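The following pair of complexes shares a single chain, chain A, combined with chain B in the former and chain C in the latter.
Now for the complex of A and B:
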């Protein structure tokens, strides 16, 4: 037992990698997500034009067409790969925007209170009462269809719940002594908000971004499936729309919809797994507990209530 | 001597850090007789609170108990199952925490918290439990009308009294006081300690009293244990330690505390240096680097408590 007690300094990226690497769940999530991101970035260049008519419609999977062809005679695998880019891009953008808007409304509402809170909370409450998905359908039906419209609709109908959660967080934090101390030391209100209060919410915000992204991907696929997206674009949602249009279920052409459905589920799964890793980065205490859990190993299971007893001869 | 109520043998507690385990409590042994008040003193970081919380096994991660024995009423608390341990907690051993504000639930009335405690361990009906809660509050000097007060409506002293009432609710055999008066002014502190002393005389429960206020401890306790850097430096009757301490650390502590009865012109001297890092403690005696009387072998031989009088043990090579 020797050496200094403090851990080597690590930047956020190193912390993230360190936390993800040591957590099996986070690691599995990160690997799956990395594969999807690689497909989204490089895939379209490799598979080429996904709208090209390449053969007889509704061929089952074969060596020539890995996932068969759809009702128009297009390659399903190529469509899946090309669709990944748009679907993930919308998913992550909307996920971030939803939380950003939620934070911009919710955090000042909770922190400043009073009239600011009245106005901002009122706004959030109005949007909370609006039924999200039906409203999304109505807006999407009136605006020119396309990915931007879709993203906009999802942000408008999705931010309010995040605002609500962040408001309550800010409300709890503003009464803490370290906030009072910061105020006494002469820090400006905006600085307190950004430097003292916000970092305490990081774990919630990250969880919200992940949750909102999963929601955005699902809702976007759902809206497009209903025909409310740009049906000429190639995305996961329009793939499903066309599969439905071509009566894939009736004709038993499972390969036109099952792979897309699986991808949507896998991305959601990966993001949820990854969430566990983020908790550790944003909570220094959990990082320390990792050493403790590693030390305890199997003996640590089920002893989380009482201080564990580990004798050397065990 | 009768069978001790609490008997701690070679208790070791580690904090597991990413750089390896750090030993916060190292082979500490002591006995506590029924109805006795044992003071536990030491500077910040000496392991006082860690030791107290290890007895009840309520230390949060990353703490691990690495060995030893804690026998209470004949049973080893370190080998008890979770459910058995829960039965011992509070009904047999209770605790008054350092910060009464944090120990009381801000959204519950104090009466409700006492009633909850009573009903969790006994089968008292709500009315009987409320009556008992009122009696408990009166015992610690709070009018029964305050049953319906919330923690924030009470002063710091009153909150600490409620904490004491809670600790006594189930008539435990041992009450651990973890710096119960640190946040209070000296007058309230004195009142509360006197009250605890009276209740203790009436009910005959044992007390483990943790503090860094040596003078207060010598007045209040029957016996006193001095911790230094996780090890027991000296333990003995309060009267003996107060007048004739044998460990150089205890001597240094007492020289550093002012007294009203000092002759004019007495110069207070402090102990030079600072406590060692527990991550890399000195070999041998941990106090040796700061000890004016250190000999060469002090920095090589490990801890060995030497009996030098009735109930008086000292960990010092000078006395071998």
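Now for the complex of A and C:
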């Protein structure tokens, strides 16, 4: 329902920047994310070769190895840093692709309606109801393991939800006056889609990309944990795979899996915060609720029994 | 009736998609998994058995269209071929073995999570800004930020390894004899406790939020105000007037959750080496047991579709609007 149909037309970067400047949650999310991005870009050059055997396997954290060594005697901290790059790269790429595919199916479905809608939403609904993780596993099992396979599998199993959300957005926009005006004035359908409809969906699309990135990172780590990635590569998911397979758990070596999970959670948390702050500034209902709360608060009343009403004109 | 038939048609087409994916995936993939598969088989099986196997998976020497029909026929008959890693058990038998444990673990988990979560959601909405409302949603969204299987690993390490309260895996201890004895049941429960707790913790938050938000909407509606104005007992207003109506979105979500649980319990089963469907599926992938892998995928999909169909029935029965719109 985050349909910011009144929001001024801004590009995705401007909108995000606006959220980061005006909302504390978005700012905290952006800072955490910036740290991880810096690690992803520069980290691997600093820690060097993460696959080097540096000591006795399964040593607890020490000054020499900050997060100890894993079951093969590799430095866990170095693996964590190097893994950040691949995991984030796949996460963001898949996040974008998932929304792109979702938009390609959902927007025409919602905008054109009729038979186009029937076929496209039918397809999306089928993919929504098929169990995602087993489907991902089956597809990944047949393909050569690697980042491309992983990305493909995640897009195939993840696009349908976005298609459904973007379809309902396009459906709502189609009924609006300015779109009708464009249609009456004889503009081509493609031009209306590209110039009138899509720009008004910017904030929804940005929110979807952020949300899908959270999904992509989580699902990717999960699939790699199951051994469906390239197990010889160094990523967050394969680190966890090896932690499980080297029986690190059953020997009490918590340092081999705890830091990776924390990093996944932190990135997910940062993205969610960013999204919440973003929603706060682009969603007119939330904007009004906040104004309403301050208004009532100034008069010493609570907001429990009241509903903010969206004013259509300012 | 129209509504239910339309849904049935939809699930039938979803099932057909799954079967078709199952048929075409191995044929689209590089490296020809079928040849590799039958090469591994040829030492173990008689030529006749091998032919039967080829037919069950549709890898005959006929043109593609005929192969597809042969495959469909066998699937409809419930013949999914023979497992390689558990040779010579038919795939269907292996699935049946795992299904019991998955149904037990995932079924109990999803029901527990649904009941506890929805109750907490009712409480959170009824006592707005009370401590349940203030704290639990943030606690659960914090938990939800972690990858599920990582939480499970953490729980296994802390409660299983460090504290030693729970066993470290499997469905029952090696030295207990399966059967309806008190000892065996207790052992199964002890082994299921930790996986169950992680499933419930990881999925509770969703139910809580759905129920809370639906409750808040319903609490603002006229019939609840009327019930209040009549001076009915608060508990009766809360449960019989508000919660009952607010349950509808949660029930719709229940079908999706079943899919998630049947698929997602896969990770639980892998972490805890619990011998259910998901564990079998991952084992099948690792040992390149394609018939078993395809069979399990098909089976999970059909189970999910059936569950969704049941949920549709329940919605149809509970919500007059779905019946109205159909006629």
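Basically, the second predicted complex is superposed on the first by the 257 of 314 C-alpha atoms of A that agree within 3 Å, B and C clash if a C-alpha of one lies under 4 Å from a C-alpha of the other, contacts with A are read in each partner's own complex, and residues count from 1 in each chain.
By definition in this document, a contact is a pair of C-beta atoms (placed from the backbone, for glycine too) under 8 Å apart; a residue touches a chain by one contact, two chains touch by 3 or more.
Computed from a predicted model, the values in this text were never measured in an experiment.
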Touching partner for A:71 - first (chain B), second (chain C), both, neither: neither
Partner chain(s) touched by A:57 [first = chain B, second = chain C, both, neither]: neither
If touched residues of chain A are counted for chain B and for chain C, the larger one: C
First, second, both or neither for A:288, with chain B first and chain C second: first
Touching partner for A:296 - first (chain B), second (chain C), both, neither: first
Overlapping contact positions on chain A, where the chain C interface meets the chain B interface: 304-305, 307
In the complex with chain A, residue positions of chain B that touch it: 13, 16-23, 53-54, 57-67, 78-79, 82, 85, 277, 279-280
Residue numbers on chain A that touch chain C, as the complex places them: 122, 125-126, 129-135, 137-139, 141-144, 218, 221-222, 225-228, 240, 243-244, 249-250, 252, 254, 257-258, 260-261, 264-266, 268-269, 272, 304-305, 307
Residues of chain C defined as touching chain A within the complex: 10-11, 13-14, 17-18, 21-22, 25-26, 28-31, 33, 128-129, 141-142, 145-151, 153-154, 156-157, 161-162, 168, 220, 259-260, 262-264, 266-267, 270-271, 278, 281-282, 285-286, 288, 290, 293-294, 296-297, 300-301, 304-305, 308
Chain A residues within the chain B interface of the complex: 1-5, 7, 287-293, 295-296, 304-312
